[in-house]
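So that you can tell them apart, the chains are marked A, B, C, D, E and F in the order they are listed, and the count of residues begins at 1 in each.
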């Protein structure tokens, strides 16, 4: 069963996104198929150059860029949300697939979850 | 100094509104001038007939209806939000003053606070 | 046990006295057992771990959600697990974590346990069966 | 002390490891003292009371917000108070509340105290002076 | 019913809009907690098949009349989660 | 500056819209935490005087360029709260 974890909150202001990533990486660690879908302001997790040291948090940019190595099948991002937040080939981290129809994507997964 | 406590969340789904009322009643208990302003879905706190026993919570309707007795100067509600949620003379609790310009109201108070 | 018996895993991510998640989840859990279904596990994640704290003392005319859940779990022998990563960050610890991190106290209510996300992963694997469901109870604002 | 010395009361309503409120508030507090101002009191309300728990053990490469705040408060002798109603509902208790409610433990970190909303009211009264400010730090989502 | 969407957030929350925008034609929605206020909110257009938890409506004094497919109890909610091919909580 | 509005919520939060709708002409706004994402959000129109916490921008890799009155440090934030006749946190 393929799981889709959805992230819709911007990074660092709350812990939801981070705990969503933990869910995805745990599934991958147990060899369960999992993908991540970023929608709304959640797409900002995928922007290059995050430096949260000044707010005493760790960057997850490197973890996300290495998601496929850890066994996460795909990083999906809503094209419209990327456009809205000025995200393109030049400033997105590697390995992101932009999708035009998030509703259709949602239909493809038996198990869809948010972290909170 | 007159304090305005603002409530913008609907009742019972979170504790913010309840803790806002506690702030207002505390100020009143210490004889400090205080008013409550309900905006957005927060106006639903002012609807008659709330029965939260089935979700194991207490109704605050009686406390609000008695707010003036406890020393809260006024219960203000955004007219547009009341209209949006179908609130009128027939289903609003007693003692609510509807206001048309919430921004102008905000300007009148030196201390404006949300509970969270 | 009825022929259409299903197995549920409930995941609670909202805290009591901050969200309605523990209340909605308990109503659902009671109804599921009434209908003859099984709850294999309750998993607390994120702010939901606060439900497993032994220390809340709400006013006497308000319900104590930890106690209500604790009574339900013990009466029906349903296991409940708080995610260890969420729990340690939010100050929910059992005696063994207290010793390991040299903390001044422990505050995990009976019969809750602390364990890793692997418990949740296990439930999602089981739920690929047609007769299983993982249901999430989030906070609302 | 400079001629334009101001007095601040800081109210924190967001929990650590759930919101950025304790981080933003600490940055502000440090800057206020650097500029020669005074912080008369820090008041924790709602989910903000979790900041006063002695039990969080975040991963070693993450900051422990209770300890960071506790160090700041002690170094500068700033009093910090958690609202008793918020604290009792959310399972934050000192030894005296532990005895009163017959709880299995207490978890209030030094130097935090537990008291009523009257402490916040007192700050709002003082803040009617031109040189006083009550600043709120809420969670964000 | 293909998917049952359970939503607990207020209609003003971004999650509520995302749910409405991403649900399929054969899906149903179940409003719980603050989400039931959508039935009193004249700015919200809900899909055809909408359920709402009875006690959450009663708590907030919201009477949806003919607006919805059904006011449901927790017993009904359990049945709905079984009838659906999958459940998504928002 | 009459009022300094400090906002920590995302631009998608109802509180953000309320703040923009209720602020006066001589007021300023200070974005902290998730609110700084408003400067990367092409659907949001901000008022004239906008400040944003530098470290919150840097954390999220947001470079507002000429869009705002100033990227501020916590030292600046303290000064702003004193310059303002009153402060409202949203």
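Criterion: a residue touches a chain if its C-beta (ideal position, glycine included) is under 8 Å from a C-beta of that chain, and two chains touch if they have at least 3 such contacts.
What you see is a predicted model; the values in this text were computed from it and never measured.
Chemist: Give the chains in contact with both subunit D and subunit F, ordered by label.
Modeler: In this structure, the chains that contact subunit F and also subunit D are A, B.
Chemist: Moving only from a chain to one it touches, give the least number of moves from subunit A to subunit F.
Modeler: Between subunit A and subunit F, the shortest chain-hopping route counts 1.
Chemist: Give me the two chains with the most inter-chain contact pairs.
Modeler: Summing C-beta contacts for every pairing gives the maximum at C-D.
Chemist: Averaging over Cα atoms per chain, report the distance between subunit B and subunit D in Å.
Modeler: Centre-to-centre distance between subunit B and subunit D: 26 Å.
Chemist: Rounded to a whole Å, what is the gap between the Cα centroids of subunit C and subunit F?
Modeler: Taking the average C-alpha coordinate of subunit C and of subunit F, the gap between them is 38 Å.
Chemist: Calculate how many whole Å lie between the centre of subunit B and the centre of subunit C, each centre taken as the average of the chain's C-alpha atoms.
Modeler: 33
Chemist: Going through subunit F residue by residue, note those that touch at least 2 other chains and give them in order.
Modeler: Where subunit F meets two or more other chains at a single residue, that happens at 8, 10, 12-14, 33-35, 55-56, 89-90.
Chemist: Residue numbers in subunit C touching 2 or more other chains?
Modeler: Counting only residues that touch two or more other chains, subunit C contributes 14, 17-20, 46-47, 62, 85, 89, 136, 138-141.
Chemist: What are the residues of subunit A that contact at least two other chains?
Modeler: 9, 12-16, 40-41, 55, 57, 110-111, 113-114
Chemist: Which residues of subunit D touch subunit A once you look at their complex with the stated criterion?
Modeler: Counting only subunit D, the residues touching subunit A are 17-20, 23, 61-63, 139-141.
Chemist: Once bound in the complex, which stretches of subunit D touch subunit B?
Modeler: Its residues touching subunit B are 11, 13-14, 45-48, 85-86, 89, 116-118, 120-121, 124-125, 127-128, 134, 136, 138-139.
Chemist: Help me check something: in the complex, which residues belonging to subunit C touch subunit E?
Modeler: It comes out as residues 4, 6, 8, 14, 19-21, 24, 27-28, 30-32, 34-35, 37, 133, 135-141.
Chemist: Quick check on the complex: what are the subunit F residues that touch subunit A?
Modeler: That would be residues 8, 10-12, 33-35, 37, 40-43, 54-56, 58-61 of subunit F.
Chemist: Can you list the residues on subunit A that touch subunit E in the complex?
Modeler: By the definition above, subunit A touches subunit E via 8, 39-41, 102-103, 106-107, 110-114.
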